[in-house]
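Notes for the one structure printed next.
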Amino acid sequence: MNETLILLIHCPDREGLVASVTALIRGFAGNIVDLDQHVDASRRVFFMRVEWTPRDAGPEAVGRFEETFAAQVAAPYQMHWRLERASRRPRVAVFVSRYGHCLYDILARWESAEWPIDIPLIVSNHRDLEAVAARHGIRYEHVPVTGATRPEAEQRQIGLLHEAGVDLVILARYMQIVSPAFIDAMKGNVINIHHSFLPAFAGGQPYHAAHQRGVKIIGATSHYVTADLDAGPIIAQDVATVSHKDSVEDMVRKGRDLEKIVLARAVYAHLRHEVLVFDNRTVVFD
Amino acid sequence: MNETLILLIHCPDREGLVASVTALIRGFAGNIVDLDQHVDASRRVFFMRVEWTPRDAGPEAVGRFEETFAAQVAAPYQMHWRLERASRRPRVAVFVSRYGHCLYDILARWESAEWPIDIPLIVSNHRDLEAVAARHGIRYEHVPVTGATRPEAEQRQIGLLHEAGVDLVILARYMQIVSPAFIDAMKGNVINIHHSFLPAFAGGQPYHAAHQRGVKIIGATSHYVTADLDAGPIIAQDVATVSHKDSVEDMVRKGRDLEKIVLARAVYAHLRHEVLVFDNRTVVFD
Amino acid sequence: MNETLILLIHCPDREGLVASVTALIRGFAGNIVDLDQHVDASRRVFFMRVEWTPRDAGPEAVGRFEETFAAQVAAPYQMHWRLERASRRPRVAVFVSRYGHCLYDILARWESAEWPIDIPLIVSNHRDLEAVAARHGIRYEHVPVTGATRPEAEQRQIGLLHEAGVDLVILARYMQIVSPAFIDAMKGNVINIHHSFLPAFAGGQPYHAAHQRGVKIIGATSHYVTADLDAGPIIAQDVATVSHKDSVEDMVRKGRDLEKIVLARAVYAHLRHEVLVFDNRTVVFD
Amino acid sequence: MNETLILLIHCPDREGLVASVTALIRGFAGNIVDLDQHVDASRRVFFMRVEWTPRDAGPEAVGRFEETFAAQVAAPYQMHWRLERASRRPRVAVFVSRYGHCLYDILARWESAEWPIDIPLIVSNHRDLEAVAARHGIRYEHVPVTGATRPEAEQRQIGLLHEAGVDLVILARYMQIVSPAFIDAMKGNVINIHHSFLPAFAGGQPYHAAHQRGVKIIGATSHYVTADLDAGPIIAQDVATVSHKDSVEDMVRKGRDLEKIVLARAVYAHLRHEVLVFDNRTVVFD
């Protein structure tokens, strides 16, 4: 299989952006296999994702492309950009608490090669899922967290993540707040699953709140984690119907299926480099 | 077509409720065609909807059933109940503002006999849709409303509703608050459509708020109107997917289709006597 | 509001296609507001939709763009292409039989200016909906059709369509087969709504068949009409859940809402020039 | 927790059915916690599921209830019926081929106690998933199947199932036909997941067929297995949207999530004794 390169861009909207980018790729003998662009008309911001197979995918050729792009295209248009290689295998850490359904689902996708990732590390504030990690041969670190010990606990977590060379942290129903320092250490590459249709029922106990309100639809939301709890940029959401017959426990059960699927969709889009964040919202080129 | 009777009940849960009700119906030679019951286990409340064809549907026979039921079943079990005749044609008033999509949809369902109702009255705080009413031969009353004139405006509206013998008011994107006095005058038979997935984005401008938050799904909610704005018992909800490509205007457009369909589902359930309200939540036996 | 131009292209996939198109648009001082492209990797076909605001939208400037594009880009790359003006108001004819729900919905969208179209003509093989057309001031032509008279009936229909300058025919539950000659006369611009989730339950009586099979979900499908009945390129589909409680009549009722919404989505995509057809499938750039 | 009993009934529709059943339960001091009934008006068949907590759940008391019910209610009304104890733990065998996603999902639900079942046996015509079974300590039997050896292979499978005391077989993407003899040996308790929205794309390669047809929605269907391939009574279905961007491989990937969720819903309804089969269709009292 040929290597493909993926370029993600956002910048102030101007004439000639698509033509400039595609001309340069063409100049480097690249064959575009996918191009998606979007203009946020109200904010006058341009977003683009372009994927191509270069004739030469060696580090030198790609380095030269990057230099030329930076100088001739990115700088004059004030672009924020990054270039990704489709072949690079991300290293992912999963953070869990006591609920296993999202972890089981992630491990199944990893083991069956649905996701081309490595999982060097599972971190939890409890020991409940240690055996699950063990049987997959994945390191499991039990890092208890209390309000008082959070700073030290996070320092230990950040150390573990750096040591394991982790690119992405998945909070798989981790149920703990993470600090801005933690998010910074991961350069924002922290994805959470919230068990409600945000912004409805933010905070804890969303199924209880949904039951109390008598809604007819419940949801789940996967988002990048930001300092503002439950308010990060949304990557994926989905819903399921409920009725008066559903107790809180039924909602929790139906919600589990939503949560694992929505989290998986968000992670997959991230792994494919399909997500751009701007002004606390995502552009998902799927 | 035979007449069918519909009995709606809620009461404290006890043993023998279903048997008592069905035995009495049987005693009156009724053939049950549909029976749905639900126990809210956490609140220990029993809900039931039973529909049957009586051998004799004349007013005397039905009157005798009601008396016997009240004395022998409802009283000992402390039931709240009502008996409806499927053949009775509800009289419906539609309240609108400037947006026509829900009104058009309601009129189409009425004219094509999808809904067995009469629409003697359309009320609006604007004149925009007067011609639509006129061409269907429906009385259109323009009742301007301002903060200062609301009490008199509502008095006039209530007078119009009573005069026209209206059973149900549909707020079809009416965009005005109605007072507790108005709701009481209609005995709670006021259904609204809110253009968001409540409780997310309650209040005005929900599509702007949804766009700002970057949600991936928008919704609409139909509910009985209560004194607490946007907090009444939810009858129906539905959602549609959106993406970064959708501007506020796109969301408004997609939302219109949601709104009219969700409102129609809620009204239909109400017209079929499938909805029970208890403690600000609905039981919808559909 | 500025004029926007829309270019739709498909051709064999080659390097440099996006760059060539966008460079030419840039050369004519156009500002791209939307660009979507897709490569069907298995067939090696390239699809593109690009929308831009030209500095000069006058007929001469646009004519020069077309000539240059045809010679310098389209010819060398063997492109199939068309250029549309967003400001051009399509002329639409609606064909109906006895069911009014899709017609009502279309007229509401037209009257409320949701769709920027003209509707000069409604054609039907029955007189049932004549009054609906009359009250909107739209010409209604009753053209009875039997197996024996179909050819003459279609000749009359084609005459009416040409006379009214119609661009698009919507078969809004028309329930009659149309011939290849009719489709050719409309250059393929004929959109139908089928009341099933095609290819399941093709042919007549799909709700009866769905009920008989005991499916838990019903659907509707909107497609371009081709000579092969119910097998044309699908533009839009949607579904609704059903249960054992739903009789055939309930399915028909739920299906009506699906049909009108799905048909409207397909027509809207067509009106916005978002649909490309290739090899009996659609690319819908929405 | 109290024991609950579940009675499932179908019989010709007659007056007094609900009253007779509920009166008897009341006579045995049972408190009904859930009752659902349905009349198929076109076939005049009555269906009922009733769940109650008996004062005495001992084998003698329940035995007496069964005898009395059989004689006094079931016989005069010609009922087909069965009585289930909610506390009884079903024994489930999972049949797989090479695809693991449904098996992973089932094992996660079992291990996390979401499903109160035992899984004594996994059977496969391949060895691929043997290690997955081993790490959960579940017996894995490799039973190769070819057209010629199917009868002997099935005899061996039936022997294994009887030996393990299996109540329910889940075909978790097993990809092999099972014979009427096999289905009989399991008394019809065989649930399959088909990777299409049946009846569309029955048979093999449904995603290829769906891609070829250009559908905009794909689905999955879980059904009881009958002699007629892919035509058994449908228990659950769900769908996901696709577009021109989705290759066959994308559909397969999206379909995996559908398949495992839909299969799980069907199995859960079966485990809760919510499914009645009549005339190749299901009544699902959920």
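The first chain written gets the first letter, and so on, giving A, B, C and D; residue counts start at 1 in each chain.
Quick note on the criterion: a contact is a pair of C-beta atoms (placed from the backbone, for glycine too) under 8 Å apart; a residue touches a chain by one contact, two chains touch by 3 or more.
Source: prediction; values computed, not measured.
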{"item": "Same-site or different-site touching of subunit A by its copy subunit D, using the half cut", "value": "same"}
{"item": "Between the pairs B-D and B-C, the one where more C-beta pairs touch", "value": "B-D"}
{"item": "Chain whose Cα centroid lies at the greatest distance from that of subunit C", "value": "D"}
{"item": "Length of the line joining the C-alpha centres of subunit B and subunit C, rounded to whole Å", "value": "36"}
{"item": "Contacts with 2+ other chains: residues of subunit D", "value": "38, 41, 245"}
{"item": "Residues of subunit C defined as touching subunit D within the complex", "value": "38, 40-42, 47, 197-201, 213-217, 219, 233-239, 243-245, 247-248, 280-284"}
{"item": "Residues of subunit B touching subunit D in the complex", "value": "15-19, 22-23, 25-26, 29-39, 41, 241"}
{"item": "Residues of subunit A touching subunit D in the complex", "value": "100-101, 104-105, 107-108, 111-112, 114, 135, 245, 253, 256-257, 261, 264, 286"}
